Amino acid sequence: MEQMTYAQAAARAVADAMRQDPTVWCVGEDLGRGGVFKQYADLPEEFGPDRISDAPISEAAIMGAAFGAALVGTRPIVEMRFADFALCATDELVNQIAKARFMFGGQSRAPMVIRKPMGMWRSSAAQHSQSLESWYVHIPGLVVCCPATPQDNYSMMRAAIACDDPVVYLEHKDIWALEGPVDVAEDYAFGKARRRTEGNDLTIVSWSNTANLATQAALTLAGEGVGANVLDLRSLWPWDKESVLESVRRTGRLLIAHESVQVGGFGAEVAATVAEHAPCRIKRLGSPRSLISYAPNLEDQLRVTEQMIVDAARAMWS
Amino acid sequence: MNRANYDRDRGMALLRMMERIRAFEEQAELAATRDGLVLGAIHLSIGQEAIPAGLLPSLDTTDLLLSTHRGHGHTLAKGASPVAMMKELLGRAGGCCGGKGGSMHIADFGVGMLGANGVVGANIHIGAGAAHGAKLLGDGRIVVDIFGDGAINRGPFLEGLNWAGVFELPILFVCEDNQYSASTRTSDMTAGDGAAARARSFGIRTTEIDGNDAEAIADLAPELIARIRKTGQPEFLHARTYRLHGHTYFDPAAYRPKAESDRQWAEDDPIQRQRDVLASHGQPPDQIDKARSDAVTEMEATLADATIAPWPADNTVFDDVQDIGSPAREAF
Amino acid sequence: MEQMTYAQAAARAVADAMRQDPTVWCVGEDLGRGGVFKQYADLPEEFGPDRISDAPISEAAIMGAAFGAALVGTRPIVEMRFADFALCATDELVNQIAKARFMFGGQSRAPMVIRKPMGMWRSSAAQHSQSLESWYVHIPGLVVCCPATPQDNYSMMRAAIACDDPVVYLEHKDIWALEGPVDVAEDYAFGKARRRTEGNDLTIVSWSNTANLATQAALTLAGEGVGANVLDLRSLWPWDKESVLESVRRTGRLLIAHESVQVGGFGAEVAATVAEHAPCRIKRLGSPRSLISYAPNLEDQLRVTEQMIVDAARAMWS
Amino acid sequence: MNRANYDRDRGMALLRMMERIRAFEEQAELAATRDGLVLGAIHLSIGQEAIPAGLLPSLDTTDLLLSTHRGHGHTLAKGASPVAMMKELLGRAGGCCGGKGGSMHIADFGVGMLGANGVVGANIHIGAGAAHGAKLLGDGRIVVDIFGDGAINRGPFLEGLNWAGVFELPILFVCEDNQYSASTRTSDMTAGDGAAARARSFGIRTTEIDGNDAEAIADLAPELIARIRKTGQPEFLHARTYRLHGHTYFDPAAYRPKAESDRQWAEDDPIQRQRDVLASHGQPPDQIDKARSDAVTEMEATLADATIAPWPADNTVFDDVQDIGSPAREAF
């Protein structure tokens, strides 16, 4: 087990995959210098400019060209820099990449990993802070990953690169420097949640960096004698309905916490599924349907914090 | 004008391919209007047959093609089976996309046809990417990427051409300029001198041609393709043509003067032009006519075949959505 | 009260608004010929090419330029032709239009109506059939409208044009020819559902064309002695939580029916909200998370039909 | 070279504006690096001051400007208040966007500044639309739309220029070509001859200029602007310059040879060039220096003002999201 940061774990996963499979390559702006968040550090030196490729500021073409290259037998890793900029390539992702295999009756595959660093990153304001994971879950043809730890950013990246479906891979910008142990032998199966904490009193479902906050919150709750079962979904499509339903049947209480806007967020899908199949006390905690400010005191009001998770959990007994 | 040592065999091959494309689309139109068997929109390329017929037979089967919503002719000329295509237009089992795509998503990866596209312009940067992939794999395939005059006003035109230039990709971009974008005269919505001028601004070698002159296109094609194989550099072809029918089979094209299309029919139908070329070079009239009658026979049989094909099996509905996760309602 | 089709009602609303306010104008491909669905019929003749403007095939610029024109004091109506093509203008809508007023601290407004004809229309296949209303509900700054009848396509269009917020206005392609009475004096308040049928046994929440199917289904159910209160939400942001909660508190049963993909659809938000605030028996009926086929027998398997609504309603007692 | 009847007052005005822009950004950089008061990224235009200083004072206040992430200089030269701008960079109450936008979304509609943009290229078609709106309203306003060399590889460049050409809109597009796109040398990722060549392909009248020559830009500006007002037609200006600092204030710009930026500092700093021009035309050195000292004094006071400004009131968080519907969590 090595210690690595979240960014290093991803770089390591990409490097390990590229060594094994010569058809894997990466493309995005400024990758030749290791990527804006250094998540491609040392890769340009090892693999050269054809396989760690720079790109013009052409998000539509980065996505579209990588798709074309996938259709002819390569396995591109697409870097969108900020998830927000990926909106410049929405037709390519949703109308082309997600649909090609089906529309063409199975003649083609689009084995791609589309990396979209998402989330709030102090004072990045409204155009550089969004979390739109629920959009991609709603699009048939896409797999959606939200790794929260270095271990998962290694294992899930390996699985995403190996997958023949297009994978929207949403890394959280605020935890590039998060350190943790990584076992490169641990593998990951899409749709399997990680039990971050065990507990029989309350189920907390979360993903991405909020799952880390929820895990912290569970420790506080444990100190108060409240056993919270924190499930880090890790992938949102497919998602681990079985574990969530099993857990709420035990606990009778479900708290769902995520950073993205609550209205129309993926938390609604989790809540709706539980309400249909295992009704219990349900509470969502997400961002207000508002825009993210530059000023920190305004930005903070949109954040879901560890304390808010603790308070919301306590309130589930009131 | 007559040429010395004119190749009548090639001339007949060009005519036959154009007749096959036209007969295919005439049958497709009958299937739509007479039989009500084509359920979605189809876009006919009647009047534009010289471009695929002149250009695409010079490619290897392994070479790649990307096309548009108006792609029947391209697909046939790349070597796809008309029966599988017609079945796809009718949404039947055995269609080249299993009935899932229809006319606007027709594709035959077996002959390097990577798909029509329902989104105007989307095939331009995707095509550049196909060439990018082929270059990375070093397998020698080149790409022909065909789009309309309306597509040059979408961002992917800029991003795709720039991409091909920057990465030095083996691709031939072809603007099939039929002067209309649906009901709009493209020149009314296009600034500057259009496709060729824009392509040149990316430093891409650009050729302009009469898109209804099958012989001229067939003369040029081997040269363009050989140069792309040799240099690995992109090229651009701006081919002027005319859409003799409406935008879709149900569009009466009332937005343009009837005299305009009448004149085109009379003076600039690429098939009639090719017939005249052959005649003027002494090709026997019966052989010229036979190209037409053979094509009609083939495509009538094609439609008959397609008409009796069953619907796709109901249980194929969730096939090929994706490997991971079940698409079924409330799947667990 | 005049009889009009859904398409005519929209054209009439646009004409009435344009007569009153010279700053209202429309822009989109082929509008000069009345629009691809004739939803601008006769407007070019009355208002001329500057106010019913053609456009190049440049969705990004249609959206972006209309936004610029809104910033300087006009009120554009943007025609996207098919909701699917609007994905080519996602940055413009989501990063620019929805956020400008807030990012600029209230210095600007973007009074725009963005028309996106959506939904299944026999054998239009995967790139011409999508219903992505839930995406726009998730985006702060946007109002989201889904009119289901000629009356609402008049009243809601008038309200949308008068609104200073950007309004994503999703007309359903399958009902352009639907006829009905229109009272041009009836006004519409965003966030008010229409009670399509009364009933105390079951609440059915729906919108867009599915609300019409639900209304039919309610008649069948009434024949069986089951009183269904069909609420046509009409606008999804804001949406009529009060009426929905009031109704489910009476009926204790909630069926949500919509055409769009069920996973991550807006039905999940309705279900989640009810599960949090007025727990009751909840069932969603939406499209499988699959792609829309050209072949009718495959396309039909993705549709939510009147019969399915009736069956799902009956099953709520089992 | 010296000119006859050189206008020293205009020369001093140009210098003063450039010094104010530079001093503003130096203070902003100090606020970021020394004081840690700038929380988000800021992009400095140090070395590029001649373009806004030469161009924008020729506009009326009612004329319109759209800018980029590197927009401080443009915004100042259009007449915005440096104090309101600095407060915005610090995310404070009284910032021109109430602290909600920060450097990348700075805007001052009161002086026709319709906003910086965090999305490269997005201001190009939006700017064309602003000109479209002004034309529809017939109010005589024209638009200046400034973007970088990297933005010419995005679709909006094509769609925006085509739009302006088709609708004949009163807009001046300005490509501020500092040769870099973040850490990438733009020429490595650009096919063809770049901005000017592409602009010409849209039939838009295009001028190329030394973007570090404030005098030349100030000579040209009134002519361009007058012609746009008169003809109502778009124009394009390609101005070559250089970014003397990193892409963001925390970018050491290690990707380019230090010798390159050293040479630029030594030989092609637009401010030093303007000082030399003035000196060579007999402007007293103390007055030349005073432009700098006045600017520094002003901008030090500006930063001091901003530093003591309070945070925006917490209860402004939901202001200006939208009129319809409440943004609050679980609002009813």
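Labels A, B, C and D are assigned to the chains in the order they are written; within every chain, residues are numbered from 1.
Here, contacts are C-beta pairs under 8 Å (C-beta built on N, C-alpha and C of every residue); 3 or more make two chains touch, one makes a residue touch a chain.
The structure presented is a predicted model; accordingly, all values stated were derived computationally and were not measured.
S.K.: Would you pick out the chains that touch chain A and also touch chain B?
M.R.: C, D
S.K.: Between C-D and B-C, which chain pair shares more contacting C-beta pairs?
M.R.: So, comparing the two chain pairs, more contacts are at C-D.
S.K.: Hey, which chain ends up farthest from chain C, C-alpha centres compared?
M.R.: D
S.K.: Report the inter-centroid distance (CA atoms only) between chain B and chain D in whole Å.
M.R.: Comparing mean C-alpha positions, chain D is 46 Å from chain B.
S.K.: Using mean C-alpha positions as chain centres, tell me how far chain C is from chain D in Å, no decimals.
M.R.: Those two chain centres are 40 Å apart.
S.K.: Starting from the mean Cα coordinates of chain B and chain C, work out the distance between those two points in Å.
M.R.: 36
S.K.: What whole-Å value do you get for the distance between chain A and chain C if each is reduced to the mean of its CA atoms?
M.R.: Whole-Å distance between the two chain centres: 30.
S.K.: Provide the list of chain A residues touching at least two other chains, using ranges where the numbers run on.
M.R.: 56, 58, 60, 84-85, 88, 91, 95, 102-103, 125-127, 140-141, 237, 289-291
S.K.: Find every residue in chain B that makes contact with two or more other chains and list them.
M.R.: Residues 97, 99-101, 105, 117-119, 153-156, 159, 162-163, 166, 188-190, 321, 325, 327 of chain B touch two or more partner chains.
S.K.: What residues on chain B touch chain C, complex-wise?
M.R.: Against chain C, chain B makes touches at 39-41, 88, 91-92, 97, 99-102, 104-105, 117-121, 150-151, 153-155, 181-184, 188-190, 255, 311-312, 314, 316-318, 321, 325, 327-331.
S.K.: Over in the complex, which chain B residues touch chain A? Could you list them?
M.R.: Of all residues in chain B, those touching chain A are 64, 66, 95-101, 105, 107-110, 114-115, 117-119, 122, 125-134, 136-137, 141, 155-156, 159-160, 162-163, 166, 319-327, 332.
S.K.: What part of chain D is in contact with chain B in the complex they form?
M.R.: Within the complex, chain D contacts chain B at residues 153-159, 161-166, 188-193, 197-198, 200-204.
S.K.: In their complex, what parts of chain A are in touch with chain C?
M.R.: Interface residues on the chain A side: 84-85, 87-88, 90-91, 94-95, 99, 102-103, 125-127, 132, 134-135, 137-141, 237, 260-261, 263-269, 271-272, 274-276, 279, 282-284, 289-291.
S.K.: Could you pull out which chain C residues touch chain D in their complex?
M.R.: Counting only chain C, the residues touching chain D are 23, 25, 50-51, 56, 58, 60-61, 64-74, 91-92, 95-96, 100-108, 140-143, 163-165, 190-191, 237-238, 241-242.
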